[in-house]
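Below you'll find the structure I mean.
A, B, C, D, E, F, G and H label the chains in the order they appear, each numbered from 1.
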């Protein structure tokens, strides 16, 4: 379209139907985004592999369905996070391919087209059973985006032997996502054992001086293991997404 | 004196030199502390073993010397924390027995009397070399108060094997003091490996989102290892003192 | 098992059924924890006396029951904290020995085997009636873990004479747990009266600038009584556990 | 003057030298404060007893001297807080009556006129020797404003008997100022012992989780003793001033 | 009793039935509070005028009724704060004199005995209609404790003329309580207009960066009007109580 | 009235019906606000164009109706913010001209009189669909106060081309309101593209380390685009009001 | 240039020297900013009136001089903020037109070309003498950007009559900048008196619970006067700049 | 060695020189780390490519030299961060290959052995000139660890066209490091333009409500661009290290 419109202007100049000044004026008034080849190309490239994402929290079922319809009509895959049962039932009735990942609170709709090529697998590690919903959000996100995921749950630092037993998984992963609340120490401990990128996800699991995840967040940001980078509290999706970006073959 | 004064009153009643009402009046007007047998006894008992402590920060050399003189004249041992070279030289010139523990910034003066009986040894563990001054404050405090101390420095969680190699020391201690800045994860990891009390000392080592030790403090308060209790940021003295209290035989 | 497995490998080498290289390979691949004698021994030792603990908050009745079943089948005692009536009824129907400590929100199941040997009693002191649930969590934890507990409730610093009247209990305890919200001053006052370890538990009791227990937490961390160490806000269980560890005879 | 000016306008109207409209216009344009009888009266009343105050921090010696000159020329007393030696020497050379209260960092210049009538004495209590500068700022302020001051220093809650020994002073005071850093518990303890107003002054004395006085501030704001009100951290002057206002006979 | 017990001991010494050493031993073991004449006297003195107070939040109807019964049986007046309708109905059925101050959420029960003598009236000023519940808590507290109260509501600083119109009330009061949320500026403005003590009560009224009253709290603590002291956020009761203490004639 | 009353006094002086002293006394006693010409004029001027505003949160339907009645009886327009359906139905039944702006949660009642003259249009830009309620509060406020509003929603910085496409609207506006939660970056980006005043409204949209809008608030306060000023979190009304004040022709 | 380059491409197409596809390719590869007519135009427009700004803090004298040289060579005016004496001397030696506004810490270099047309004057109001440097930064910025500035310093809310006396200035201004530290109440008070836009600048003046300006910042963000918008703590420049943008005639 | 020691034990068993029980005992007593094949292997593997790192802050020149000597003797490369001139001169005199990257405050010593294989280049983008030291720390770290680095400095969001002009570099990178202080918006804007991993480094550049980098940190953690992960404030080294780990070919 926009490239076409530019081409049309140039053609009209060539055909003598438009003066140079008129062409300049027309080009000058084109909205910025019409010139945004790189951006558009890049978006197209992304869409060919990664699904579009809807963050459902604070949106009504109707709003989510409307956005989903628009995305799916374009042939894109869909990933809806922070979704509930009711949202799933509504989407399912319209899009039979919709799948509900209950613990991860994610609804995915895959078009069936092949995904992007990945470099290896992503390990998702979490400290306690209460961290599992966030860990699952990360794991399912990574799976829907095309990666193989290795789950290693309930391996908190207070029972170090449980973690050390997972060495195989940890050492074989291309990226590791560490999900932990309370004191968030797991990210540093894992970061000291492996040689791949580690993404820390602090969770709001805890009480009192955990200040809804602040303790774990600060701990991970201050990790003495330099390979650890951090996402927002409870942001399993973000970790799964960033890990997938790292895991993509280029 | 005070007990003597009460005894004197009672004696005078017995001797008929004072009426019951006069005795009641005299007793009623005694300041509270004069009645404070338990407190006084308890203080005396403490002093018989534990030295008196001066926190030097914000005090002039003259002030510290004056307080030290008063304490030492009573035959008590002395422990002066957060002390510098100059303070040491002044004390040393007056009290030749004064010893300067430079890295711990502690001056101690021991009377030579035997100390309290202790149950076992205290292990002091720290994460990085920058944590050593605080660790030394804890270690020297514990030593001056009468405990044997096992130092295990530079065993941060990013190199877990270094910590695991100290298992012997950790498992043999009666109390363990864990000193760590940055993410403070070491307290939880140690707490998960041992079966004795663990006292966490967060340090202000770090930068940015360590917020001068807040990150380590919150991490330790949220430790998933239930045996961990915590003292103030950089409070090596407090940890050494509390550990000594735990280590005392009763 | 694991020691047996290592022994098996060595025996096979001895018997010539396995080459040195094969043995090296086998040993190399053993998961870390299989080598973890100390850890395993220590865990066994702990389990012989202290019950296993389930933190119920955020877990479903089904999840708690499943974990409880696994623990109790191993002959271990059980302590379930932050538990409600419904959870109790479910556990009770399956494990008739289950006891509900309502105010402490704790369910305990004792196997009847003798516990660990303790050094003395634990005093639990709290400032106001609103602090009692947290104090009870500490007290019941300590009792289930085997200590005699001396309860001294509603002795806040604004009525100092009430506290001073409990001198006997306080001076006789091996460890004292001080539970206080609002300004948390009680920990310092008690810490100044006694000569045993004091564990402060700040509570979220208060409003406005108590910031859900932050005021009490900071107060206790800054206590001028050096024998005070601190656990997380409302962490009665942690205090009861740490006090029990201190109170254990070794 | 201003009332005179209004009277002049009215007189001119009466004398027929000014029309009603001209008078309305003149009155309408009078700056607000010219109408502010109450405010002006009240200010005059205040000045007749309470000296004017200069907060010196961040002001140059020249600026302070200039302001001091303006105040003293009006016959008012002067109180300059947060002042240093150099500032004193400059003021002294110009105003020989200037007195330097070194520890309080206050310079006062009294005109010699009688002060306001006070109801009783003000007790100033502080927890540690490091709190003395702030306590002195409060005490000297109260003295310069006309109250008798009873100093009770170094009576922290960790040695309760020292505080209880001061009962006489505390019970006889009309207002008590409690100055304390670290955990700030002293305000609550004193507030529970007496029946007069108590003003708490948190100080920045402490380190780590005292967060420059935040711990003491929060503690005092959450005091369980309802008679305690609070001023800013290190604001000895404010406490001395507010106590003087309470102590004034009306 | 306790004085009697001491008298008994002295009598026995006098009668020769007890040796001096035995008397010393007996006295030595008396609990502290038994000697606490001053404290007890002071408490009695307080109770003769000021009612006892129950903070109802977090207490059950049964608990409140039980405490109320104990207090009222001693002939004391009663003030129950943060109380609801249901609590009132229960108390009313047992104590017909109970009065419910709905907006202040206070239940009072007066014995009919004369109260303490007061010096003057207390003005309660608030900024917005949403601050009225806290203002009423302060006002009713002051009234029940015996002061005349002058209410001046909805006089926020954004409409300064409304405040200035209340000058009469403000200038005549012995103490002024300023209740304000949001930016809390009213305390400073009032503090600059009057010459009596001002107690600021920050409220949690506001949203966003009011951080539940923190903005108003900090503003009041930093007031440029030196006569302002501050109580906890939403602590209308505390302000009313402290103002009454200031207003008491001595 | 008030000016009339002053005029009356002056006239009576002129007419000899009142002495100068009586006039002085009468003037002296006029409440402050009666002298407040500027204030009153200014209020009248404001009311002639800008409607009165009721903040409904925390007020009962009855309270809001009563205030609305008083305002509307004076012929003023009305703007009720943070209003719900029920409030609307009550107002509508009494004032048929009431209009409910549902998404903005605003009820407006216009008298039909012409509004103030405005300089140009106000653009309202928001980052995500969850920010729309706050954006609508700003937009409807600006519209009711008389400005033309250009809405540009869902143009967050993660899809910069969407924002750049709105260049026309942004460059033509007299004031721009930028509404954004999460990282709040949109204010800086818009501020760097335009040359008119930009008002940033941080929203509480987000989770975890957004800390209810704190992240967006801090980001906007630190904007590198100097033309950005900021209002409270979620304060769409304040932004709409301030923008209207800027947009007013003078 | 860039427009010229586009024109060149179009001309070559017209002249038949370039095919449509070649032209498309050439246009497609132009960097974004080359297409940025609006941006460029807008920047040029800005530069024609407003000087370029250098924030000197953290830059060396050499760096500032180099940037200044580049700006001044383009014929633009210059405004260097947070500048010291030494920086001034260096600039002065190279650019004799440089002027140093010492209290504002601003260096300005004006080209002598006429500035932008302004709508009216800007009033700068500040609370205390310590706020003057920030107020001057705002005032000088506004003056250098072309506005007439009305300074009203030292009119804090504790002496309300001083502020009210400045009514004339305040009511005549097009924009008012209110600079205040401590409790920052002045912004609300001024905002309630006037009918033009008010920009609040919290300052770091204060101590203790002012938390380096946080108290004033929160107060201003929560202002009950809806016309108040806020800039960063101590950001006098930002306020002066934003006020100038509002004051510009369009 | 350790594997050799195990091999030795097994050999001796095979040779009949050691009984199975003796072998079991020997293995049981091996320190944990001796068993740590994976860890050791992994460390060796790391060391073969990545240099060892010394964080110099808080270490003396002597300490750094001693550690450096130990590292370099093992043939490893060296990276010393937060280093000053004096430290460089000392290292240089002993290790002539030492290179000082002044702006990055990094000293590197390369052994000359080939480094690890990398996947592509790392782009380092920063917002302002004051962010350059942190950006350089990231860039030099990445270079010393073996990556090609593309520097794009001073491209803050307030001049979006400057950023968009760097599209080529950004789109070609394998990882992008975004360094920004103040509002930290750059991370989100870059994250929305590219399709590779983005690591955000908040800096402490700013003042007032930047709270030493907190504003930028929170902004980046709340980024609406899901590919953004974050490291500690001013942690250029950590970003360079993590980016290198992502960029490593595996």
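Methods note: contacts are C-beta pairs under 8 Å (C-beta built on N, C-alpha and C of every residue); 3 or more make two chains touch, one makes a residue touch a chain.
What you see is a predicted model; the values in this text were computed from it and never measured.
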| item | value |
| --- | --- |
| Any chain in contact with chain D as well as chain H | B, C, F, G |
| Chain pair with more C-beta contacts, B-H versus C-D | C-D |
| For chain D placed onto chain G, the superposition rotation in degrees, Cα atoms, nearest 5 | 90 |
| Duplicate of the A-B contact set - from B-E, D-G or C-D, the pair where over half of the pairs recur | C-D |
| CA centroid of chain A to CA centroid of chain C, Å | 39 |
| Chain C and chain F: spacing of chain centres that average the CA atoms, whole Å | 55 |
| Chain centre separation in whole Å, for chain H relative to chain F (CA means) | 50 |
| Residue list for chain H, restricted to those that touch at least two other chains | 32, 36, 38-39, 160, 167, 193, 208-210, 214, 217, 221-222, 232-233 |
| All pairs of touching chains, each written as two labels joined by a dash | A-B, A-C, A-F, A-G, A-H, B-C, B-D, B-E, B-H, C-D, C-E, C-H, D-E, D-F, D-G, E-F, E-G, F-G, F-H, G-H |
| In the complex, chain G residues that touch chain F | 38-39, 42, 45-46, 53, 119-120, 167, 171, 174, 193-197, 199, 217, 221-222, 226-233, 237-239, 241-242, 245-246, 250 |
| Complex interface listing, chain C residues touching chain D | 127-128, 156-160, 182-185, 187-189, 191-193, 206, 208-211, 214-216, 218-225 |
| Partner chain D, residues of chain B touching it in the complex | 31-34, 36, 39-40, 57-59, 63, 202, 204, 212-214, 217, 232-235 |
| Residue numbers on chain G that touch chain A, as the complex places them | 3, 6-7, 10-11, 13-14, 16, 20, 23-24, 27-28, 30, 32, 35-38 |
| Touching residues on chain C, where the partner in the complex is chain E | 129-130, 160-162, 164-165, 167-168, 205, 207-210 |
